[in-house]
Every structure is written in C-alpha cells, then in structure tokens.
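Next come two complexes built around chain A: one with chain B, the other with chain C.
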Partner chain A sequence: MNQIDASLIDWSRAQFALTAMYHWLFVPLTLGLGLIMAIMETLYYRTKDVKWKSTAKFWMKIFGINFAVGVASGIILEFEFGTNWSNYSWFVGDIFGAPLAIEGIFAFFMEATFIAVMYFGWEKVSKGFHLASTWLTVGGATLSALWILVANAWMQYPAGMNFNPDVVRNEMTDFWAVALSPVAINKFLHTVISSWLLGGAVVIGISSWYLLKKRDITFALDSIKVATIVGFVGVVISAITGDGSAHQIAQKQPMKLAAMEGLYEGGDGIGLVAAGILTPGKQYDDSKDPFIFDIQIPKMLSFLAVRDLDGYVPGINNIVRGGYITPEGEKALSIEEKMTKGKKAFDALNQYREAKKNKDDIQLAEAKKLLDENFAYFGYGYFQSPADAIPNVPLVFYSFRVMVILGGFFLLLFIVVWYFSHKKKFEQSKWLQYVCLWSIPLAYITSQAGWIVAEVGRQPWAIQDILPVQAAVSNIEAGSVKLTFFIFVVLFTVLLIAELSILTKQIKIGPEKGDEKE
Partner chain B sequence: MKRIASFSDFITMYVEGFKNLTWGKPLWIIIIVKLFIMFAILRVFFFPNLLNRFDTSEEKSEHVFRELTKNHITNEKKFSNESD
Partner chain C sequence: MDYSFYQHYWWFLISLLGGILVFLLFVQGGQSLIYSLGKKEKHLNALIGSLSKKWELTFTTLVTFGAGFFASFPLFYSTSFGGAYWVWMLILFSFVIQAVSYEFIAKKRNFLGNKTYKAFLFLNGLLGPILLGAAVSTLFYGAEFVVNKGNLTGLMPVISSWQNPLHGLEAAIPVTGAATLANLWNIALGLAIFFLARSLGALYFINNIKDEEINKNARKQLLINVVGFLIFFLPYLIALLFKTGLTEDPVTGVISAEPYKYWHNLLAMPWALVILLVGVVLVLWGFIKGIFCPQFTKGIWFAGIGTILVVMVVLLIAGYNHTSYYPSVTDMQSSLTIANSSSSLFTLKAMSIVSLFIPVVVAYIWYVWRSLDKK
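Our next item is the complex of A and B:
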C-alpha cells in the first residue's frame, strides 16, 4: 500500500471519536457528582444531621455505578494509539507518555485507594478520615483528568519539546512548559468545572423525578439545594474559562476560531455570530455568502479574541492567503508558504538521515539547521492544497452554538431552580420538575458538543501544525478498523444498557432509610 | 463496630467490604467482564501494538520514518500528476 486510504483515516477517526465520546459520558459525572457528594458529606460532618449522611450515601451509590461502568474505558484509547495511531504514538514520544503515566500511577491509584474507604469505611474509620477519603477520591479523579487534559492540550499547543531527527520523535525539554502551558491550565479548568454543570443537572434531574413521584421529598429538596449551587458555580466559571479558551484559540489556533464563527473574510471590529445558518456547500475559495441567515453582535468577536473592539480577527481566507499581522506581531505566512516550509523540513529530515548514514558531519549540521528552521511547519508538507488545512466548518460552527446556547440555558435553569427552591415553591412546580428531568440529556449534549468544538476544530491536525491525521494514522487495513468500530458499538451499547438498568433500579429503590435512625 | 486500629484492620475492611457487597456485586461483575474483553480479547486479537514487532528503538524509528516518508512521497506524486 503506497497511499493512505482516505476511508482508513475516516474509520480510524470515527473509532477514536466513538471511544472518546463514550468515555466522556462517565468522566464529567464522576467529576461533578463527586464534588456534590463530598459537599453533602461535609454538611453531615459539620451539622451531624444524619439526613446528609443518607443523602451523600445515595449519591455515592450513583457515583459508584457511573465509575464502575466507565472505569478503564479510557484504556481502550491507549490500545488505539498503539494500533491505529502508531506513527503518532512514536512521534510524540515521552511527551504524551509522561502525563499519562503520572495519571495511571499516581492519580488513579489515589482514586482507587480512597474510593474503597469511601464505600467500605463508614463505620470503620473516623468521620473525619472518611470525609478526607471522599475528598481525596474526588481529588484523585480531578488529578486524573488534569494529566489527560495536559496531554490533550499539548496536541493543541505543542510546547516544551524538541524534535530529535535521530529517533524521529519529539523529546520533552521542559516538563513544566508542557504541564503548565496556558492552554493546559485553561483546558483543565474549563473541562473540570463544566463537569460541575453536568453533575448539578443530573442531581436536580433525578431529584425532580422523586418529587414528581411524590416520594423522598426532603432528600430530593436537600439534594437540589446543593446541586443548584454547584451547577450555577460550574456554569459561571465555565463561561469565564470558556472566554479564556476562545482568547487562546484566537492566538494559537486561528483556523479553529474562524471555523467556530463560520468566518471566511476577517477584518477589524468583527461581530460575533449569535445565531446563524451556514450556506451549505460553501468553500473557502468561492464567492458564496457564508450565511443564509445570521444575527451578529457587533465587534464582539474582536473583543473576545483580541480584547479590542476594533481588533483584527483573521477569517479562513485570510489565514489561507496570509499577510496579516499575528497577535505576536509577525506577518502571517500563507498556507502555501507553510506547505513549502513543511516540505523543506521534510527534505531536511531526509538529508539528515542520509548524512548520518554516510557519516557526513557537514551535511548533518546543515540539514539539522534547515530542519530546526522549518520544523514548526512540518505537518504542512503533507497537504496537497490549502483546503486541506480547513476543518469541517459546519460541524464546528453548530457544535459551538449548541454548547454556548445550552450553557446559557443551564445558567437560567440553575437560577430559576434556586429561586423556586429558596421560595419553597419548587415542590409544587411540576413543570419545572419536568424541565429539570428532561435537561439531563441536554447536559450531556452540552459537554459532548464542547469536545467536538475542541477536537474537530483542531482538524486536520493530530498535533497542531506538526502532524496531520493522515500522517499520524497507522497504515493498516481499513476493514479491520471498521470491524473494531462495530465491535465497540456493540460493546459500548451493552455496557450503557447495563449501566442505565442498574442506575434506574437503584434510583427506584432510593436513599437508604436506616441511616436516619442513627 | 470495630474501628480500624492497624494495617491488618485496614485489609480486613477491604475483605469484608467485598464479601458484603450488595448493589456493588453486579458492578464488579461488569468490571471483570469488561476487563476480560478488553485485555484478553480486544488487546490480544484486535489491538496489537504495531511497533512492538520491532526489537530496537532504531528499527521503530526507521519504520515510522518510512511511514512518514511514504505519505510525503505519495503527495509529491499527486502534485506532479495534477500538474501533468
């Protein structure tokens, strides 16, 4: 096989996306619900009121079911790295491996140790130690997420590394530049804290079901009080960190921002598309209007992207043509210029390896110099035309709007629920209970849409500017990837059905009453 | 109920905890079946680490270099075909 089959790339991406999205059904609930149950146990510890113990224990049960079904599903992604993305796995070297190893050894170990105390230790350890174990379980889960997100952030913004042509892989030169890159910190905060939104939505949704069934009223209302505050804080901080993310994307991944906004021709003082319908089939080099219909907030995109109402924001066509001034104050190269540099980097790599074989030190030094000068554009050498550098604009554009609109909906929902709960009207407001119940899937859609923006918006890159997906993918039979894709569809569906059936059974049983007699 | 006072009590807590599982029992069955499918079936038959067939780092890097080269050359060929 001399040429990478396009269907191989598509199926490999589809398989990875399926696994990641399935895995992400469980992670945000672990993070969000974990915080809620830890707060409930803290209330028990401080007030000595056993109703909080019973409440915390019930949500711990839901946490446990979610944790058990979701645990280790992330490992499948690591299998896929080794089989379907072996070029990528080698190319990223220890940069990707180090955070994942820390995650596996430290964070997951911590999580797994203290989760046992949390479930088995109620009467065996002191209340303080038990509470600490609960918080450490949540902390371990959050630390796990940190290291995975550090690895992901590096793919969006490769930092702290140097390419070693002797071994054809990147080597970490600065661990802290990888771990504490501004993209990593913002991604971590945005992802973890937005999970509080999902945790809050699930808790108020399930609690509303109890109210609709007119049972476990006190438990449900108490749960709603805690979950509403956690959810509200989650939405507000997510909006702030989301703004930070968009600002970073404007600087580091301008093509992603242009796709998020369906912005083809940029300029100064660009408006933010509040709502819009993209013109189907629009290409970067045609003269079609990008929108059939759109409502814009004047100058807002410029303000969000560069903190200046009249600031310059490049569109897709500007990025393709180059020539504008980047936030770093440099003249942007066109995609074709970057493609030329990418090919130079690739030629230099070839020359380097040839010189090494021939033990020609002079050519070796020259090739290394040329490679270092052009390596930042290595990935562009794989493109056949500038169109290859453009992600799927409609998917990114609509996913972004789904995430933001639903984020706004949840902000409103948490405020309304808090108000009704505070005024002691929530128990009588059936309509609101139904809204809360049916908002559970919306919280998952919000969370998944955020990842679609992050990952589809990054396309065609596996590693931004350095390695596109067609180079990262293993040259294996597309049929075998297709087969495993459908195996995963079946496996994940069965696991999901198992989880939902265990969950619904436990929800129907409800909180244990025994603790209240303590 | 006896409180944990030593390491052996700690181990006993784990053992008793697992023995007295109620709602957790089906979850452990799910975890064990899932891990079996993942490591004994998927890992072994469908997800070999492709680079593990090479013994040394040199062989692995040479293989990846050839793979990266192959894609580049293909694109170059496409370029020349298009211009022809």
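Our next item is the complex of A and C:
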C-alpha cells in the first residue's frame, strides 16, 4: 500500500492556510466596502446630489484594486481542493462540489458581468441600471460568500449525506439540509456581516487621513457618516451571530470550544476566561495548571455554551476521557472508544468490499450493519493517539481573545465616531482621527483572528469526525508542495505590496473633482 | 430519466463549457499578440483596454468549468488535479498574474512597472492555452495513474496515485518511456489551441478596435496563426480518429481497448458528426473571410461559434458511447468513464435543476454587453 510522507500533510496545510489567509485579506473589504459604496450610490440616485456620485466613484476605485487580488487568490483556493486534497475531493466531492459549482454559475458570473457596468457604464446605461449593477456586484460577492461558507459549514457540521460503501464516498441525500443547516446560516451571517466592520473601519480610517491632511473635508465627513453606521451594524450583528456560533460550537464541536477557552477540566457552571496567559507546553494529560494567569467571568461560559449558568461544559480532558452526558442526552464516548469504533468501521468497509467481490450476500449485510453502526466515528480510525484529536490550543485561545477584544474595541470606536460626527466635532478631534487611521490594521487582525479560530479550532478534521486532514491529502511529494508554498509566499507578497502601493497612491490622489461639476 | 441520462447531461454541459472556454481563450490569444500588434504605445493601450473588458468572462468560465467538473465528476477532479499537480499549478499561476495585471497595469506606482504586467499578460497568453490544450489532450492520450477507491482504510490512504514523478509536466514535456509519443501529441494539441487562441484574438481585435493599422496587422497575424493552427490541429484530429481508445462494458464495467474508437463514436452519433462539420465550416469561414476580406469584421462570431461546436463535439466523443474520457496508461481498469467517476444520482439531479438557470445567466451577460457596446 502507498504511504504518504507525514511532512506532506504539514506543508499541504500550510499552503492551504497561506492561500486562504491571503484571500481573506481581500474578501472582507470587497464585502464591506461594496455595501458602503452601494449605499453611497443609492444616496446619489435618491438625492441627485453629485457629491455622492463622486464619493461612490472614489470608493469603487479602491474596491476595484482590492477586488483584483481577491479574484486572483480565490482561483487558487478552489483548485487546491483537487491539487492538494485529492482524497477529500473523491470522499466528499459529491456534496462539496455542488456549492462550488453553484457559486460559479450564480455568483461569479453576476460579479464579473455587473462589475463591468459599474466601472464602464456610468455614461452608457441609465442611473437606475447602473445602481442596480452596483448592488448586483455586491450581491454577487455576497452570494459567492454564501456558497463557499455553506461548503465550509458542511465540513464542520456534515449533514444531509450518507456513506455509500459501494463507491467508498459520502453522497448527498438532502440538498437543503446542506444549504440551510443552522451552522451554514450562522456562519454566513457572522462572516459576511463582520466584513461590514472591516469595510467601515477602512473607510473611516482613510477618511480620517484626509481630515488630518485637511483636504477633501466634505467627502471625508460624508464617507464617515455612511461607514460608521455600516460598521456599527456590522459589529452588533457580528456579536449576536458570534454568540450563536459559540453556542453551535458547544453542541457540534466541543473540542473547538474547549481549545478556544483553554479549558482542560470542564464541569458545571464554568466561567469565561476574559483574559489569561496559558502555561507554555501544557499537554492534555499532564498535571500543569492550564493558566499562568487568568481572569474569569463566573458561570459565563456555561451560559453562552448551553444557555444555563450551571450547565455542563466539557474540557479537553473530559472529551478525551468521555463519560459525560452530551447535549443530546447521551453518554459521551472517550476518544479511544471512538478510535476503536473508527477501526471497526474500517474493518466493516473492507469486509463489505470483500463480500461484494465474492457475491456473499449474508456477509455483505452483516458488514453493512457493522459499518452503519460505527461510521459516525470513521475518521477516528486514522488516529494513533487521543492527542491527535486536539487542535493547537494556544493559537486558538489567543486568536479568540484577539477577535473578541478587538470586536469590543470597534463597537466602542464606531459609537464614539458616530457621536463626534453627529455633534459635528469629528473634524476637530485629531486624536480620534489618529485612532481611526491606526485602527485599519486592527480590523484586519480581527478578521484574520476570527478565521484562525474557525479553521485551526476544527483541526485535525477536514470533515468533522469523518475525515482528518492526514487522510484527505493528495499523494504527491512533500518537496513539490514545499516549492509551491514558497512560490505562493513570494507571488502573493509581491502582489500585496503592489496593491498597497497602488492603494496609497490612489488615496493620495483622492476623489475625482470633475464629477462634482456635473 | 435514469442515472445514465444525468451522467450524459452533465458530460454535455462540461463539453459545452469546455467549448465556450476555448472560444473565450481569444483573450489569452489577444494577450500573446500585444507585442506583435501594439508596437506603438497608443495601439498597445487600445489592445489591452479592449481585452480588459472581457478577461473576467474567460477567467470566470475557467473557474466554473473546474467547479462543474468537481460537482459532476469528482473522481476526475481528485485524480487529475491531485496527480498532474504541476501542470495545473502552472496554469493557475499564469491566471493569477493575469487577474491582477489588467487592474494594476494602468495604475500609478504599481510596484512592478507597466512592462512587468504586460509581460504577465503575454506569459498567461502563452502558457494558458498551451498547458490547457496539453491537459485536455490527456483525455484522449491518457495519463499515468492508478485508482483504488477501496484504499481508504490505511493510516494514510491513497485513492488516486500518479505514477509519473513529473506530476503532470510529462503531458507537456517529451520524456523517455512508453508515453513519449502521446506526450508529443499532447504538445501538438497545446500548440494548436495556442494558435487557435491567437487567431481568435486577431479576429476579436478586428471586430472590436476601430484602427486601420491594428486591423491590417491583425489580418496578417490571422493568416500566420491560422496556418500554425492547421499544421498542428489537422494531424491531431486525423490521428485521433484513427486512434485506439478505451471502451467500457456497460454491464460489467470492464474496460478494454477498441481500435478506431473515436471514429466509431462519430459514426454511432451522426448528429455529432454533423455538428462537427458545421463547426469546422464556421471556423474556416470566419478565418478565410477574416484573412481575405478587409472590410469583414464579424469573423470572431463565425469562428467563435464554430470553435464552441468543434470543441464540444471533440469532448463529447471523449466521453459518450461508453468511452473512457481519462484513460490510464498504467492500469487500464483505473481509467475514468462518465459512469464510474460521476457524482451520485441525487447530486446530478440537484445540479441539473441549478443548470436550468444557465440560460438566464447567458441572457443577462448578453443584455449587459449589448448595453455597454451600443453607445
């Protein structure tokens, strides 16, 4: 039997993480800024005031520069499912491929078509058609996010499928269970609407730069008015959907929640770690205190996880040992028991295929029964130790705190900016303008931290409980992936520098004056 | 409508998308002509400006083609993309640098300089068609892989194993061994697609840019590239029709060799032969009128529609009539057919409902471009 080099898995993960994180630098701004510029154009359409046209056109230029790199980095991600995760592509392609194809048919063509009207159609189509095209461009981007997040959510909460041992793959049995799973809906809302936060932060940051330079004052203040509202709505809804997401994680991915909290020993009425420093080198089976220092909000984790101040939340050790009662009211199995069941599923699958070859109907039925009983733990069969089931706790723990703390900061920032803007004091408040300017990188850190929590927290699973990454990877030389990894590092870094250089130049040029004379 | 119907329907859609993609490679063909036709700065800007409004359609079609293949024939996605790693990576790199170039080239302080972005466009115009053509040719001349769906229960499972250490580059680089001749044919199709894309690119410029000098030079380039296309494509097409292909027993699933398989496929599907001939006539009409009639500007439509029809039929005969559309030269029984590599009936049905919206997508693209071009 072919054996895969273990370092291949690490390089494949690194490459996918790298390309996803680069892609995720550009997508949130497309979603957030897209909404802001569409609102600005709507204001132009309704008020006929050309200052809104000029304002919208400027942000469209920023949108376009950002959009190009987003498109470029996006194509890599789609094809990487095949190039780097070949086993995955067959094992779940029957389910996973569909959202990607729908994304292509509905979203990509919508974006690609109407973005052309948005840029080249100002003098060629009616104002109403142009406005519709701008909204359809933003709608296309959002629709694209919907389908890729449906696919991503399905990986974290596989639903609407059945394993077919004849062809050794999972097959879709309920399209709507995949597309409208509660995890998919929440993930979509949380991801897209948190992008409004980033869009709002970027717009108020750049607008503040104009105010600091004492130029394009009206444009900057108008932009801030729209961006503050979008950003504020984004933070508030993100907080609500984030809470929903944490609640779902508690039900479906308890190990991820435990990693987010650095929680090794769970129990009833568990507190939420507001701030803390993890003990370096802490392992699940040692006796070290998980924290060097921590501040907890009593009982809050239990409340957020199970909506009960005294509710039970399992820690990493509890999940490894099993024996606690799950939210479904069943006794949780230990990881070792799950590994045993996973290996039973392997044996049953092999027996099934053997029986099929020998046309032995009795053995076929027995093997199928055994497979069905154990398939829920199929992925655990690949593990060699319970430690394989635990993600990188420090990375998930700190990323979660960075995301939440910065989310709180932005809530405060948007409220303060709105207040100063409403009282017409923002133009005079240099300190606040500096805060807004320097908050731009913080918005990106918030966004990336959220992505790390979602994706590192679910490791080692490519498909939760069904397929770990080590079983999903393509059988290629680690050296090949290492080489493409570094090519991507160089290529995307160069493109990022180019984008930032063009963006800063475009910002220095500022909004077009010509349009204001129309 | 049974499972087989949906498998055939989806192979038809993949073939149609493939045909549209090859037609839209006129963007890449145009990019590889920018140095030949754009010797003056204003001409260069006009050429790039003209292509800048169309490149996203090609790009999006490529992405949809990949996603459609993933959704409908995931075993191909798994085997070819995971095995022929380098050829797909090179194709992707060439499209990544294209995607940013159109946005960045005209911008001030673009870090790499305008010349670099022009070079990126040229590189994509060169590599994109050649590598895509070579990759498509493996649908006839095969690749070195073994598929074992049951090999999933080891600690590190492998469903598809590529047997050549070049991981796809062998399709575009002649190497020693049994597959050398096949590799030469792969290169021939790659070059044929390259010259076809350039011919279509020249026709597109003739249609889209009102400039006498560009028009005159584009017609010269059209002649050169049509000759190049015919030199590589005609022998390829003839060899294909005489080639031994692989056929699957629909009852047992056993795969065996069949001489003149693709010619037999055309005879078994006379409607495909008719469409092929219509496509060839349209392509030749577009080319000949484009070369010899200085006032004729609609050649892109004739040659373009003809290209879609020809490529569609070529892909249809690769997969229909129980043909293996991805033959394994290492293990014949590992070869992929539309029956053994497709998604489940449920998924194909669900995706077929989605596909009914494709005419709506085509309609709004058409409407939008008419709106943009009419003034």
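Definition applied: the second predicted complex is superposed on the first by the 513 of 518 C-alpha atoms of A that agree within 3 Å, B and C clash if a C-alpha of one lies under 4 Å from a C-alpha of the other, contacts with A are read in each partner's own complex, and residues count from 1 in each chain.
One rule holds in what follows: a contact is a pair of C-beta atoms (placed from the backbone, for glycine too) under 8 Å apart; a residue touches a chain by one contact, two chains touch by 3 or more.
Quick caveat: nothing in here was measured; it's all calculated off a predicted structure.
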| item | value |
| --- | --- |
| Which of chain B and chain C A:A145 touches, first, second, both or neither | neither |
| Larger contact residue set on chain A - chain B or chain C | C |
| Partner chain in contact with A:V71 - chain B first, chain C second, else both or neither | both |
| Which of chain B and chain C A:E123 touches, first, second, both or neither | both |
| Which of chain B and chain C A:L131 touches, first, second, both or neither | neither |
| Partner chain in contact with A:A367 - chain B first, chain C second, else both or neither | neither |
| Common ground on chain A, meaning residues reached by chain C in one complex and by chain B in the other | 2-4, 64-65, 68-69, 71-73, 75-76, 79, 82-83, 86-87, 89-91, 116-117, 120-121, 123-125, 167-169, 346, 349-350, 353, 381-382, 384, 470-471, 474-476, 480, 484, 487, 491, 495, 498, 502, 506 |
| Interface residues, chain B side, partner chain A - complex | 1-4, 9, 13-14, 16-17, 23-24, 26-28, 30-31, 34-35, 37-38, 42-43, 46-52, 57, 60-61, 64-65, 67-75, 78-79, 82 |
| Residue ranges of chain A in contact with chain B within the complex | 2-4, 61, 64-65, 68-69, 71-73, 75-76, 79-80, 82-83, 86-87, 89-91, 116-117, 119-121, 123-126, 166-169, 343, 346, 349-350, 353, 381-384, 470-471, 474-476, 480, 483-484, 487, 491, 495, 498, 502, 506 |
| Complex contacts: residues of chain A adjacent to chain C | 1-4, 6, 64-65, 67-69, 71-76, 78-79, 81-87, 89-91, 93-98, 100-106, 108-117, 120-121, 123-125, 129, 133, 164, 167-169, 171-173, 175, 346-347, 349-350, 353, 381-382, 384, 470-471, 473-477, 480, 484, 487, 491, 494-495, 497-499, 501-502, 504-506, 509 |
| Of chain C, residues touching chain A in the complex | 53, 56-57, 59-60, 62-64, 66-68, 70-72, 74-75, 77-83, 85-86, 88-89, 92-93, 95-97, 99-100, 102-104, 107-112, 149-162, 165, 167, 343-344, 346-347, 350-351, 354-355, 357-358, 361, 364-365, 368-369, 371-372, 374-375 |
